[in-house]
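We just call them A, B and C in the order they show up, numbering each chain from 1.
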Amino acid sequence: MAEQQAAAAIPPEDLDSASAGAEQTAQRQAAPQTLGTAIVVTSGKGGVGKTTSTANIGAALALRGRSVCLIDADVGLRNLDVVLGLENRVSRHFLDVIEKKCELDDALVKDKRVPSMMLLPAAQTREKDDVRTADMVALVEELRKRFDYVLIDSPAGIEMGFKNAVAGAQRAIVVTTPEVSAVRDADRVVGLLPKGIEVQLIVNRLRPQLVRRGKMLSVAQVDEILRLPLLGVVPDEPEVVVATNRGEPVSLDPSSRTGEAYRRAVARLEGEQVEIEDYSAEGGFFEKLAAWIGGRR
Amino acid sequence: MPIVRGTRNGLEFDLFEAPLAEVLPEIRDKLGASPEFYRGADGVLSFGDAAPAADALEALLALLAEFAIRPVGTRGGPAIAELSERSGLAYLGPLRRGGAKVRHLSAAARSTEADFAGARADLAHRRLRAVREPAAAAAVPEPGASAAETVLHRGTLRGGQAIRHRGSIVVLGDVNPGSELVATGDIVVIGALRGVAHAGAQGDAAACVFALDLSPTQLRIGSHIAVAPEGERRRAPQPELARVEDGRIVIVPYTPPR
Amino acid sequence: MSRGRRIVITSGKGGVGKTTTTANLGSALARRGRKVVLVDADIGLRNLDLVLGLEKRIVFDLVEVAEGRCSLRAALIKDKRFDDTLWLLPAAQTRDKESITQEQMERITRELAEGVDYVLIDCPAGIEHGFRNAIAGAEEAIVVTTPEVSAIRDADRIVGKLGERQLPTRLIVNRIRPELVKAGDMLSVEDVCEVLGLELLGIVPDDEDVIDTTNRGEPVALADGTRLAAIYAKIARRLEGETVPFTSLEPQGFLGRLWGALAG
């Protein structure tokens, strides 16, 4: 890919470990052809974990030293700021940037924990129709000049909000849960993604005990319909709900199993060969819930 | 229910479902499609209990004369007997649904039939409207074009996608639930058919549907509709063909023609 | 001819249980002998038919009715589990939400309301075109939320939009986990009501079996004797104007001995 070849063109003598970061940033600013990758996180069905996944993938990438910008494309129903615990730090949003009411730097919110990750929030009191697709694409291009990764958190559905979120992306991560409705909606979305976009799948909220009892779809059954390369399988754990309510992405917690699943997904995202987890021997959700609450007393 | 049926003994005109005046254009279209084929045939006119309107009957007889079809008799109730005498036609007796086997349907099948009775009528009616008002039915392909052209689609059809084609459709891939194939001709899926397929969409009940794994949400051929029986267990997929037999859709294991 | 109540079930946030609520509330009302029509307004992402197990019987849909390509009667699917009391008007799957206008939606729901007791409209997620169409056909609203910050925030936005149209609105809090509330890790129903300022119609606990029932197309409201069926029956009664107290709920497993929470 073009951007990787351009990165390889940095002269070897400049790759001294202390200055590599700064040098690369300087190179990036000097040579705008070295663009980061824009990835849209989408699903069709609401509530399957797009926003949580965007936050966690972003955080895990930042842990690996990448610079990441997360864009909340859910104008009017923004939530990425809450999931990151940054809602009190939001002042401007990307529509202000597009409409030239402020600079990009004024709107970007640095994460509390991992400084190489930034959030570009959505407007809460505006509408998705207020965003023109061309403006969105230009904004994403601008961000790709500054960041290794631009993750776009898509709204639910397949309307204008979704179309705008997808417009500037080179890759897509489709998130689904192991339920028939979610898989059907994900399939619909895959059919609507532009040709040439690289698509991968995250299966979220798997409950292996329910799968064993035949009360939930297995990853294989999901694959039978979607037939997408699997980026990750994330088990349903009680801790995620709490972490979301508290604004702390689980991928930053070394002891979190869900966090581990996201970290492994990100390793795969960067091209590493990591085996897909097999959760089939696990205990049930409510047992875990009891143990987890009991453990916290 | 086709209005004009060919039998060993000639043509049967089933004129008891709708007022005669309404179906005259359809009869004209059907006869006009192959005029030489029908020339010189005998025709039996089956009415219901009510006699047709006089001018409609006259128009029908004129139409038959135009195509050199000989009306050899009528069937129907007492009113028809009277009418026949007055018009010089031979009265052959009450309506005989000859040739149609009595089908002993299970409760579930009867229930499914009932589900679709209204839909079938609407589909058939829609087809008629297309025949009579071709300009108005912009989205619906024109009649008489079965298997004119075949379109080939490579890749899987995702939920929400649809192929609607005047001719036959071949898909090299799966057809996912929530997607739709509508063809005036046949449908062939080299893969799993899990969505909705409608073959013979302009009323051609001779169309067929083939798939390596025939597990559609719903199958339609002509104006016949079928769904898989409730609680059908997943068996190993095998190539299967669906077609209309005895007035309903049947699915048979596919064997290549010799 | 009496005119039924036209109620939209909405939330803002996706995945909180709008479709499941529509199916189950509709089923509970139909069980009580009310005539109910369920309308799936989620064009292009339809799911209400799946949740009811009626997917295979769809021939015509809402968009075809709006375009005049079939009659309303032809598109309605009768749910055979009931005695002529529950019908579904499915959404189109191969179209998008721009395929229907607010006026068409209003006209269709008004026609549906003739001679039935309830028209329940399953609203799509979000606040875009699909949402606006769905509420156009309604005279009342039920907002569904879970006790999570994101969901409540989105519900709040929705309540604002419903207020613009002056739709009387009530609240269902879905998927509550009493153990987490007790442990202080999840908002209580009281918290939710306070933020949203809505009258409470129902509280539904999180239940493992719901996923399976929606996968199989068998609304849990029909599973006689289960906790959830009783809860939906109560919600139906409240909707009809009865004053029904919220009952005590024991969480699953051994934790039940330790604490209880309100649900019903």
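Assume contacts are C-beta pairs under 8 Å (C-beta built on N, C-alpha and C of every residue); 3 or more make two chains touch, one makes a residue touch a chain.
Please read these numbers as outputs of a predicted model, since none were measured by experiment.
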Chain whose Cα mean lies nearest the overall Cα mean: C
Contact-richer chain pair (by C-beta pairs counted) among A-C and A-B: A-C
Reference subunit A; chain at largest CA-centroid distance: B
Euclidean distance of C-alpha centroids - subunit B vs subunit C, Å: 39
Inter-centroid spacing, subunit C versus subunit A (mean Cα positions, whole Å): 30
Distance from the mean Cα position of subunit B to that of subunit A, given in whole angstrom: 51
Overlap residues in subunit B, where contacts from two or more other chains coincide: 159-161, 177-179
Shared-contact residues (touching 2 or more other chains) in subunit A: 184-185, 188
In subunit C, residues with contacts to at least two other chains: 44-45, 93
Complex contacts: residues of subunit C adjacent to subunit B: 44-46, 55-60, 69-71, 73-74, 77-78, 80, 93-94
List of subunit B residues in touch with subunit C within their complex: 111, 115-116, 118-119, 121-123, 126, 159-162, 177-180, 217-218, 225, 227-228
Residue numbers on subunit A that touch subunit C, as the complex places them: 44-48, 51, 76-77, 79, 82-83, 124, 127-129, 155-161, 179-181, 184-185, 188, 207, 210, 214-217, 238, 241-242, 244-245, 285-286, 289-290, 293, 296
Residues of subunit C defined as touching subunit A within the complex: 12-16, 19, 44-45, 47, 50-51, 93, 96-97, 124-130, 148-150, 153-154, 157, 177, 179-180, 183, 185-187, 208-209, 211-212, 214-215, 252-255
Subunit B-facing residues of subunit A, complex: 184-185, 187-188, 190-192, 225, 227
